[in-house]
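What follows is a group of structures, each given as structure tokens.
The two complexes that follow have chain A in common; it is paired with chain B in the first and with chain C in the second.
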Partner chain A sequence: MSSPKQELQKLGKKIADDINKGKNPSIDIPVRALSNIVYDQKKCTISMGNAKATRYFFNVAHSKKFMQTAEVAAISKDLVDLGKHASLRDVFYMAKRTIPNTKVNLVDEQSETDKAIEDLELVTECAREQLNINANKMGSVAGRVIVEDHGDKIDWSKLGSGGWSIPSNVEDVKFLKSDAKYIIYMEKAAVWERLHEDKYWEKQHCIIMCSQGQATRGIRRLLQRMQDELKLPVYVLTDFDPWGIYIYSVLKYGSISLAHITEKLSVGGCKFLGITADDIIKYDLKKHFIKFEENDAKRLAQITKYDWFKDNKAWQRQFKMMKEFKAKAEIQAMSARGISFISEKYLPDKIKNQDWIE
Partner chain B sequence: MSSPKQELQKLGKKIADDINKGKNPSIDIPVRALSNIVYDQKKCTISMGNAKATRYFFNVAHSKKFMQTAEVAAISKDLVDLGKHASLRDVFYMAKRTIPNTKVNLVDEQSETDKAIEDLELVTECAREQLNINANKMGSVAGRVIVEDHGDKIDWSKLGSGGWSIPSNVEDVKFLKSDAKYIIYMEKAAVWERLHEDKYWEKQHCIIMCSQGQATRGIRRLLQRMQDELKLPVYVLTDFDPWGIYIYSVLKYGSISLAHITEKLSVGGCKFLGITADDIIKYDLKKHFIKFEENDAKRLAQITKYDWFKDNKAWQRQFKMMKEFKAKAEIQAMSARGISFISEKYLPDKIKNQDWIE
Partner chain C sequence: MAQTKLVDDKGEVKQGRIIADELATKQREISVSEFFLKNRHLLGFDNPKKALLTAVKEAVDNSLDACEEAKIAPELKIIIESSGEDRYKVMIEDNGPGIVKEQVGRVFGKLLYGSKFHRLKCSRGQQGIGISAAAMYGQLTTGKPIKIWTKISPKRPAMYFELFIDTRKNEPNITKHEDAEWNEKEHGVKLEIELEAKYAKGKQSVDDYLKQVAIANPHCHILYINPEKEIMEFPSVTKQAPKEPKEIKPHPYGVELGMLMKMLKDTKASRVSSFLQTEFCRVSPAVSKEICTKAMVDEGIKPMKVEPHEVEALYKAIQGTKIMSPPTDCLVPIGEDALVKGLKKEVAAEFYTAITRPPAVYRGNPFQIEVGLAFGGSLETDELVKVMRFANRVPLLYQQGACASYGATVGTMWRNYGLSQSKGALPAGPALILVHMSSVWVPFTSEAKEAIASYPEIMHEMKLALQEVGRQLGIYIRKNIRAKEQKERASLFENYIPELADSVARLSGEKKTELIASLQKMLKKSMPEILREAAGEQK
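Up next is the complex of A and B:
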């Protein structure tokens, strides 16, 4: 595949050619609508269908969006040439200005440049990180890995109690060395600090990674790259509630809003380690249940019907039990059994017994 | 001052003595109410007054809270003995159980253990981090500093694009070496990544630190310790809006909800670097204004009246201009002038010209 820079040049040349030939300048853009989103049963991911739409410069309905896409492509090209990265918000401010001799702004809201960037991802087939546009940064990692990033060698096992702060863009991270056997991704920073203090990754020869809530794009890409390049299994640890299961769902299958970029972000092989309905019974956690609110029940009903869950017996069983419980439970409920129960008993047992859900 | 362990033992011994003497067991707790919060004009911080209340075990109105405070003290003592740290949520689950021979739970909601922990901070005069109870972890740091933390030497200048992930508890961090001249704390991770990519800290001999939004307790304490131990000035960079100014206010003066612990968290010497109303005029950022919503105007009116702002002419001038603008502006608006304008022009000029507000 050609580089992001080549893809951007190809787009620019195509538009210039249209102009030189006296044609109406146009860009072909895959349709980003629910109607064009498919669940690929073979690959087990959400992705885009083949429907495309042509956007023309000389078309009252298309003109502004055409210019926005071209502007964002120009900004991205500048960033790539400079070797610098911008946030979505930066790109908005860089694009925002009044079109000369008019009273019309090229963009008024960030949602417009955001959409233009998504279009550009589709047209160039590059993730926006490759186009030097970054998402927000969040999360920490520790474990038996040495990486190289921007000229620095970083040993994830020698970073004190803090760990490495995961950058928004992990495209340039090189894995130099690792003797880890697996990765645990957890949704809570407090649980990460628990496992880190207990040196779980050292004792269990693994890697621990967290964000807070939904995984950022940087984390998803880093997990995917470690799964593929280091050949490591990825286990997901979340609360027992529809929101925790959705975090797993997005990691594994992708999300509808980012369907166009699923291939570059999804962690196809990841497994759900817990908390499961069975854990709750086995470890007597029912007394720490938190009652379902209306939106919990509603979300559960939605997730139960997802294409990738609806024929999965193991998951349907979990959903059924959650519905019967009418309750959720947090990872930290495990602390009721002792502060280090999770790192000394729960997780080692789960991994040893291959007690996960796929 | 005695250690947290000694303080906990003192509390336990006091209760045991009451019991042995046949007295009604009691704990003296400073009153945590707005009536007992004072703004200390000398120290320039919000802190607690001297009002105390006695909580008795044999008193129907006090009994449960007494037990909760004693329980949390016991949990903290166990944690200190074990050398382990728990989150607020962990402590809730560790305390949660039915009182034997009753149908009453010792705690039902986390807010109850949270309050008991705040009481314990007051009684022992230890921050909860010293009692081995941690807040949430967030934020990144990079710069010309080498620290030691839990046996690891960590060079903040050699951590690639990610930086060091700031732990929730920084009590054990030792500063081994630093030739930094100042610290910039910013409210946005995206701005931090901009400065980091531009090697701002390397060129300007400084330290850059961020969280996302309000600074966590770990960050406040780390800034305070660097200010005091490394004798470094701390500059704060936020959006030009009442919320950004409140972030500065909390860092410098403390917050009402944590007034009892201000001394251990506030960064008394910190200065507000920007964005100021004057920056907006100087750098022609008015076109990137975001209109005030009703809650912005309301918040501005509140902040204007704060004890520590109401006689401060420089701040009142800013508030007046913000009110006239009826608008706010983001740090990233600077990107409209070039992706690295902030690191190459704006910040170096501000620092050089001592163009800040105190």
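Up next is the complex of A and C:
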């Protein structure tokens, strides 16, 4: 496989060749949509299909996006040449400018460069970290692990109340020592803080990890590596709603928009710990329900039909119950039963009884 | 209930009879001219600026009507000169048929005299009060008589008159009458009125008025010299003179009760049935029979003998009887072609359109609506659209807000047609709208003939016409904007090229200048195709 630098040059050469031959410059970009997603039942991951869309420069509807992709590629090439890394936000500002003699900005919002970067990953078949572009770091971890990162030794059990903040590029992290038995990844930073304060990871010999909402690539890659290299089971703890379940879905099977790099990110063995419909009943959480909004119901219907869920009886049972409840519940609802109920009773019981869904 | 009694300053109770007698000694006949002298605002002489305009307007109306009646292509010359502080001399000359000696006094010196009041015909003047009122206004404010030159044939000498109006008797008083030298024209009338007035430019000015006359009368030639000695010439752009308007009798639906009584008294017909058939249009023997039967009035009795309650019954019967619509060949529209020509010669715009609606009827009076529109070019972009209003080709400059044409324009949804418009206001944008109503009887809201009354039938026709030109405007604007957008897009690509070339050069290591040259060559070659694709996408 050729290096990211070679891939970028190849793309440049292709466009330059089009121009020199008098052909409308074009780039073929794989389609990032559910329609172009293939679920591999054996590997239990989703991956990108073969559908591609051709983007042309001399086309009123494409020209701006075409320029954005070319410019982001050029920025990435410059970064690689210089050996420096930029954040998504940096790239946005590097590309942002008004095109001379017009009122048109090359990009107006960061979402445009973010999309162009995703396109570039697909075209070059390189993850953005390889293209020297990093996401913002977000998320914390604590537990009985010692790692080395860029020459520094870090003990995850001795980092005070904040834990270790997970970098966006975790390729260089080395695991030196660990006696943890499992990892819990949770959707809510507040819940992580609760467990950390209760020293849950110390009592249970485990690792606790969180981000805010959807897991970042750094976290997904770190989880994958710990699962594979430390041979630890990964448990997922989210709210009881379609969005929480999708967080689990992304971790386990990959995301639709990043299906091209699923192999590097998916945590195939992860298990859904809760909150399940059965937990709601068992711990009498119905009184803390939040009524479904229209988009909740819509999202639930979509998820129910995903290839990787549609034949899974355990999950279909959960979806059916959620649909009947017409309501969702947050992890923190557990606090109604006592501030440390989650760390002293709920989680130890769930793990002990192997009460999870796969 | 106690009767209230009047008590005089001596405390004596006056008898009703005595009061009536006393009043009678004070009452005397008020002449028409005296009445109008006291109510001159009714005739459009309420302020000095308007007085100047009204004087010109009345003379122009008369001249154009006379020329058209005599099938002469009108040539008018109008000169306004300052003759002292707040005083102007208005001179108007036409090439019409002239006026015979015997009629001069009555035409210019007697109010409500004229050939127009007693008939239904599409002519500019309607009541025959205008020009004599102008003469009277001049006399009142400057003490000068109206001066008249008239020539009826190249073979006969012109005659010159000076004339005052006896305002009490409503009679002309000719103070001078002599032969005169006037050789420039074969026939025609020349007037000179001196009056207290004010000259101003802009809205509601004589300049503006004559320009509008030229638009609605593209067959006539006007030469105008204003008090600032500016010469303005409005040439004729069509040889096609409007067809001569046909006169029609009133339609029964349009007659009012009082009018019906008067007509019954004045008629020469000997029976009610023949009265109905001869004095009105569209009344056949069968229809007159139906009316009389419904009203329970004997068809055979003399019109004089019809009792007041029977007149009322007749009036009601008419409303309840199905009568054919009046003939419409009496209408004289300007015509779509002539309207566009008229607009083109006086308004520098990009787009012109006009619509002539089929004839319609309100209260038994046939009428026809026309709307013209000019868009773009030199017209102001950020202002409200100008509405030019016309009744039988005469521009209406005052009382816009009270006019049916204004109401109909405001009530049209111009946003659908590409102009912006606030609620309850005229649209805004670089456009001019012209609304013309041609009718044997234009229903003005006042004697000053400034605004057309908003009869539902009239409003309806106006709206339909406005919508039709609006649609055409919409099509033009959309097409125009699309062409403009495409041009902008083409120029965008030109500016995109250096950007892309820069990115590709950094990425591939090729030379930026060469990439730019190749891309520019490609753009030139494939531009039509790119635009076609873009247009296809819009659909």
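As a working rule, the second predicted complex is superposed on the first by the 250 of 358 C-alpha atoms of A that agree within 3 Å, B and C clash if a C-alpha of one lies under 4 Å from a C-alpha of the other, contacts with A are read in each partner's own complex, and residues count from 1 in each chain.
Note that a contact is a pair of C-beta atoms (placed from the backbone, for glycine too) under 8 Å apart; a residue touches a chain by one contact, two chains touch by 3 or more.
Because the structure is a prediction, the values reported are computed rather than measured.
Asks: Which partner, chain B or chain C, touches the larger number of chain A residues?
Replies: When the residues of chain A touched by each partner are counted, B comes out ahead.
Asks: A:Ala74 contacts which: chain B (first), chain C (second), both, neither?
Replies: In the superposed model, A:Ala74 contacts chain C only, not chain B.
Asks: Where does A:Asn24 make contact in the superposed view: on chain B (first), on chain C (second), on both, or on neither?
Replies: In the superposition, A:Asn24 touches chain C alone.
Asks: On the A-aligned overlay, A:Leu159 touches which partner chain: chain B = first, chain C = second, or both, or neither?
Replies: first
Asks: Which holds for A:Lys13: it touches chain B only (first), chain C only (second), both, or neither?
Replies: A:Lys13 contacts chain C only, not chain B.
Asks: In the overlaid three-chain picture, which partner chain does A:Ala33 touch, first (chain B) or second (chain C), both, or neither?
Replies: neither
Asks: Which chain A residues lie in the overlap of the chain B contact set and the chain C contact set?
Replies: In chain A, residues 78 are touched by chain B and also by chain C.
Asks: Under the definition above, what is the set of chain A residues touching chain C in their complex?
Replies: 8-9, 11-13, 15-16, 19-20, 22, 24-25, 57-61, 63-64, 66-67, 70-71, 73-74, 77-78, 99-102, 104, 106
Asks: Along chain B, where are the residues that touch chain A in the complex?
Replies: 78-79, 82, 84-87, 89-90, 92-94, 96-97, 134, 136-141, 147-154, 158-169, 172-173, 189-190, 192-194, 197-198, 212, 288, 330, 332-336, 339-340
Asks: Per the contact definition, I'd like the list of chain C residues that touch chain A in the complex.
Replies: For this pair, the touching residues of chain C are 489, 491-493, 495-496, 498-500, 502-504, 506-510, 514-515, 518-519, 521-523, 525-526, 530, 533-534, 537.
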